[in-house]
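Letters are used for the chains, namely A, B, C, D and E, taken in the order the chains are written, and counting of residues starts over at 1 for each.
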Amino acid sequence: GGSGDDAPAAPGGGPDKVNTGVIAILDVAPIYLGKEKGFFSKRNIDLTLTTAQGGAAILPAVLSGQYQFGFSNTISLLLAKSQNAPVKVVSNGNNSTGVDGKDFAGLFVKADSPIRSPKDLAGRTVAANTLKNIVETSVKSSVKKDGGDAAAVKFTELPFPEQLPALQAGRVDAIFVVEPFQQAAVAAGARKIASSYVDAAPDLTVAMYFTSQQLLSGNPDLVARFTEAMKESLAYADAHPDEVRTVLGTYTQIPAAVREALVLPKWPPDVNRQSVETLADLAVADGLLGQKPDIAALLP
Amino acid sequence: MTLLRRTLLALGLPVLLVAVWWWASAGSTDFYRPALSTILAAFADTWTWDRVRADVLPSLARLAAGYLLALTGGVALGVLIGGNRHVRAFLEPLLEFLRAIPPPVLVPVFILLSGVGDRTKVLVIAFGCVWPILLNTVEGVRGRDEVLSDTCRTYRIGGGLRLWHLLLRSASPRIVTGARQALAIALIVMVISEMIAADNGLGFAVLQFQRGFQIPAMWSGVLLLGLIGVLLAWGFRWAERRMLGWYYGQRAGRREW
Amino acid sequence: MTRATAGARAAPALLGLLGLAVFALVFEVAPRLGVVPADYAPPTSRVLAAAGEQVGRPAFWAALADTLLTWGTGLGIAVVAGVGAGVLIGAVPFLRAATATTVEFLRPIPSVALIPLVIVLYGSTIRSTVVLVVYAAFWQVLVQVLYGVADLDPVARDTARSYRLGRRLQLRYLLWPTALPYVLTGIRLAAAVALILAVTGELVIGSPGLGKEIDLAQQGGAVPAVYALILVTGLLGVLANVGLRVLERHVLAWHPSSRREVTPS
Amino acid sequence: MLEVDHLNKVYDSHGRRVEAIGDLTFTVPEGQFACVVGPSGCGKTTLLRTLAGLLPPTSGEVQVLRRRVTEPPAGLAVVFQEYGRSLFPWLRVRDNVELPLRAQRIAKARRRELADEALAAVGLAGTGSAYPWQLSGGMQQRVAIARAIAYQPRVLLMDEPFAAVDAQTRADLEDLIRSVWQRLGVTLLFVTHDIDEAVYLGQRVVILSAAPTRVADDLDIDLPADRDQLTTRADPRFTELRSRVYAQIQKVKADPPGKEG
Amino acid sequence: MLEVDHLNKVYDSHGRRVEAIGDLTFTVPEGQFACVVGPSGCGKTTLLRTLAGLLPPTSGEVQVLRRRVTEPPAGLAVVFQEYGRSLFPWLRVRDNVELPLRAQRIAKARRRELADEALAAVGLAGTGSAYPWQLSGGMQQRVAIARAIAYQPRVLLMDEPFAAVDAQTRADLEDLIRSVWQRLGVTLLFVTHDIDEAVYLGQRVVILSAAPTRVADDLDIDLPADRDQLTTRADPRFTELRSRVYAQIQKVKADPPGKEG
């Protein structure tokens, strides 16, 4: 049954067993690092990290109490909230670096492509790992910022690993990839024409950790402790990029050489509320969201 | 069996199950398991004619193309393999290898080889649903009656006549079994193929609903899939009865009381 | 004479290996000639090297064990349930008519569409994946059994009826052997589908196993590792088929398809 | 005991309507050995299948052992004309013979004994462990006969059971069936195309007309109960009877049934 | 022309080893009508299947029309003992008969004509549009015969082709086969269990011993070429010949082949 109201507290006052659903990508390095550093165990949390391919598998598990917390990108959470899913953000996830041209994600075209800047994308096809999501919103904001017709950009869905081959074979005109695929794109000579996360909002909060309303009301203490631990983890990760690169080797299969070259995201301890508001407005403007959800109710 | 009785039998269990579902889910507050009434309301809102034209019809067109490709390819290859044990020994391990590879990881290879367009999706559907047809054809051809084989050999019935009148016809009950299986699988693979590199289609729509957390709409898509499955199955049964008239005649000529 | 027969028995296996070898060769040569980009479709030798690396990782063996467990459990349940339900429904015309619509409705629902539901029920555990595996593989067996039961020879059936063989004997000595060739095909189909769903489920849901390893390798951009893991999956399928073929030779010794291949002609 | 009462059977399938049995009425008393002869395609197999409860009559009814037949009656065995297909290819010969005995819950040892006896009686001792498709046509037919004998039925319906065996074996089997009949007191309906055989075996020969079939003639065979291949067939009465049957059949052939009634 | 030269055939499968044909040598000259009789299970079907190129000999060889047989020879037709299974259940009767003619690229109209003629000759006019499984056993067997006749073969092998038909039809078919043989000059090997039939039909009767089979006797039938059911069977020479065949078969039965050689 999926009636997980509380975190299953271990008998005899042992540590709370907490299961968190994450995606095995760069962005969640802080939680792995924090677990390793004992930031969770010292708050009496016995943390288990379970990876899934995407948010589709994580949200139901959190809502049904199979997981206590989950990791999801901001747009997905806005979408869920707009459908009245009982979700609540408990911690920041990761942010763009805020530096144009030096972000952990980017919009690429082939070296010899006639496309010089985002506005040239009108009428062209861009690969996104997930349609109707944060990539689409961000790329469109790049186009708009560049003075182009964002509505005329076509998107097609391709998983990150397939994007570069498709670009090189000329099946798509541009791709939007994150690290480590950005490294591969650079290595293959692709040309970066925008850092769309940076274009969308300053210091955009790309993803966040969340829980269910049920757990929040049933065990606010646990949620508070988790939030504390996350804050410490984020801060630590932001300050220790080398340890981040090491911990990446434990849960991903990114080759060591690539790990060294990765551009890391920013991990500020707090959610950039303003960027979430901006993102929500953009999504409403693009028609991704029917109406703007109650952001105050979503964010902590 | 009268028409009335047949209709009752065909619809009795579904109606019962729907009733149970309705009753059990009434007033559900579970985000992922909404009440059936909510789903049905979403169904009416979601599957408007525009939507059907934009998403369902392209899907069905790809489904038809992929299925027919699988049917012809599977039967052709099956006859080849079933008719010659050397060919079978040569190809079987390779085919078993390919068969065990999950479409989601295979799709990238297809994209690499044939692009992101409809052609790839049709190929994925064909590749996904060809196996029951192929395996059943092989076994049907292998299991043909020996006396009939001998009859063909002595009367020197070869080439196309043998292919049609011996191999295909004697394998036809099994080919039909495989084709029936493949139909449902084609529908499933159609959905899977639309989860990657798609911009329209029924599977695409269901996936978008899921990702957009429009859960009642998502379930209505699943419901629609099931309904399409039922319609296709009825069509299939109609065609099957026509093609295998001799087979059912031979078996029903001896009907009990 | 005995040498000749031993040779004849070994020949099919050799031919089969040859088939795999030709395939491997094509995938060695094509990337090298630039027919496909070597970065995304690495030549066989690189895949084999990556497979060698995988074999050295304890995590790989743990994943393999998990996949085998998921696969085996799911397949076992699906086969038992599929055969049981198939024989029951197939032998009782009323049941067949009454369930037909429901079966046709439930069958085309893709397992992947059920992912949210199973996660709600069981989370990212092996149980979730097993449910998906069972759901997908069950139909393969069921439909084969239904058609197999209908393949009854009318004279054989009349014989059984006139000698008043009871239900149990008719089931055991008439229906079952008639359906058996279909059932074996159903199991072969189900074995592959179960494997596919086990890996896909692990991939999407994140329950432990080879699928999860594939996901990790994909997210990490480790292309040869992805193909190495796919290779392992495919080989599991080949092994399953070899096993089922051996089983078939034993239980279908009487069937024309086996008879023909005993006497050379 | 077998009673056929105004039996009529029409096949109507796949655009072909055949009235196989027109209007058939006759009774075989308990323990009688009745032979049935009639032209090919006249409906003998149809009649047997109706008596065995495998085929519903179009009209009229049949009774076996004083019970109206709606399903295969207990204690009845059939040797089918399609002997080859009536043996289960997945069972060895002995298991084929034993299978009906298992349905009767006869103990294993006894089953084995009955099966071996029956196989030996039809001249197939030692083939018990072969599969039916490893046997010749005549041997398969004898397995089907052995199965019926081992079953020890009260009513035995045989549809051209000796069609595939050689003259000598046939003579042996004829004597075997007669001795089984005498020993078990079974009611026997025996379809054959061999007029000599019908006269030699039966207490009575029922001659059927071409389809839609009727009883064209019904002859008592008043030969002595103790028969043997040499003396009985040399008996002038035998020759007389067989000539009568032969003449009758000729007449049936000459008068198409359409002319009558 | 058929030549069987030191033919030996051993079946060895599923744990059962049977030497069906011991050592068989005989020749049927072009255009001869040869009958083969022998006990059930002696290897007659095996011999026919070897001649038809359907079964490889274990040792020795067979020639048909002066060619060593390694595959089914052209111009050869077989009527199988398992007549029911040799008809295609998915083809209507007429199409069953026409199929071999299509393989020979005979024009449609001619095919139709040949098929209708052959069906009429075996007494099945008007059943062309039925499926084989809608026919009685004897009718099915006659369809198989019609198919062989319509094919107009140079060599015809028949395996108990009249086993399932009534006496009267049988006599008609016997005369039909003789007339076909005389008209087409076909070489005919005819397996039967009916000794009278063998003597009535053939120019020669080959008697086989029990398995492992050998030629036990080989009789010339010196009856006049013009035969008819009444006069020929009444001929004292006929009676004499059939007694000889009968006696010979009795002898074969009495001497199990193990004793010799």
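FYI, contacts are C-beta pairs under 8 Å (C-beta built on N, C-alpha and C of every residue); 3 or more make two chains touch, one makes a residue touch a chain.
Model, not experiment: these values are computed from the prediction.
Colleague: Please state, in steps, how far chain D lies from chain A along the shortest route of touching chains.
Modeller: Between chain A and chain D, the shortest chain-hopping route counts 2.
Colleague: For chain A and chain C, which third chains touch each of them?
Modeller: Both-contact set = B.
Colleague: Count the C-beta pairs in contact for C-D and for B-D, then report the pair with the higher count.
Modeller: Answer to which pair has more contacts is C-D.
Colleague: Between chain B and chain E, tell me the centre distance in angstrom, where each centre is the average of that chain's C-alpha atoms.
Modeller: 48
Colleague: What is the distance in Å between the mean C-alpha positions of chain A and chain B?
Modeller: About 37 Å, centre to centre.
Colleague: Compute the distance, rounded to whole Å, between the mean C-alpha positions of chain D and chain E.
Modeller: Distance between chain centres: 26 Å.
Colleague: Would you please write down the residue numbers of chain A that are in contact with two or more other chains?
Modeller: 2, 56, 60, 63-64, 159, 161, 165, 169
Colleague: Can you tell me which residues of chain E touch two or more of the remaining chains?
Modeller: Each of 11, 13-14, 54, 82, 85, 131, 134 in chain E touches at least two other chains.
Colleague: Touching two or more other chains, which residues of chain B qualify?
Modeller: 30, 32, 108, 112, 145, 210, 215, 249-250, 253-254, 256
Colleague: Write out the stretch or stretches of chain B touching chain C in their complex.
Modeller: Residues in contact with chain C: 1, 6, 9-14, 17, 30, 32-33, 85-86, 88-94, 96-106, 108-109, 112-113, 131-132, 135-136, 139, 142-146, 173-174, 176-177, 180-181, 183-184, 187-188, 191-192, 195, 203, 206, 210, 215, 218, 221-222, 225-230, 232-234, 250-251, 253-254, 256.
Colleague: Using the touch definition from the top, list the residues of chain A that touch chain C in their complex.
Modeller: That would be residues 1-2, 19, 21, 23-25, 50-54, 56-57, 60-61, 63-64, 66-67, 159-161, 164-165, 168-169, 180-181, 183-184, 188, 251-255, 258 of chain A.
Colleague: Mind pulling up the chain D residues that touch chain E in the complex?
Modeller: Touch residues, chain D against chain E: 11, 13-16, 18, 37-45, 81-82, 84-85, 129-131, 134-139, 142, 160, 163-170, 193-195, 246, 249-250, 253.
Colleague: Spell out the part of chain C that touches chain A in their complex, as residue ranges.
Modeller: Going through chain C, the ones touching chain A are 37, 39-40, 115-116, 119-124, 203-206, 212, 215-223, 225-226.
Colleague: Mind listing the chain E positions that touch chain B in their complex?
Modeller: So the residues of chain E in touch with chain B come to 49, 52-54, 71-72, 74, 76-78, 80, 82, 85-86, 88-91, 99-100, 102-104, 131, 133-134, 147, 151.
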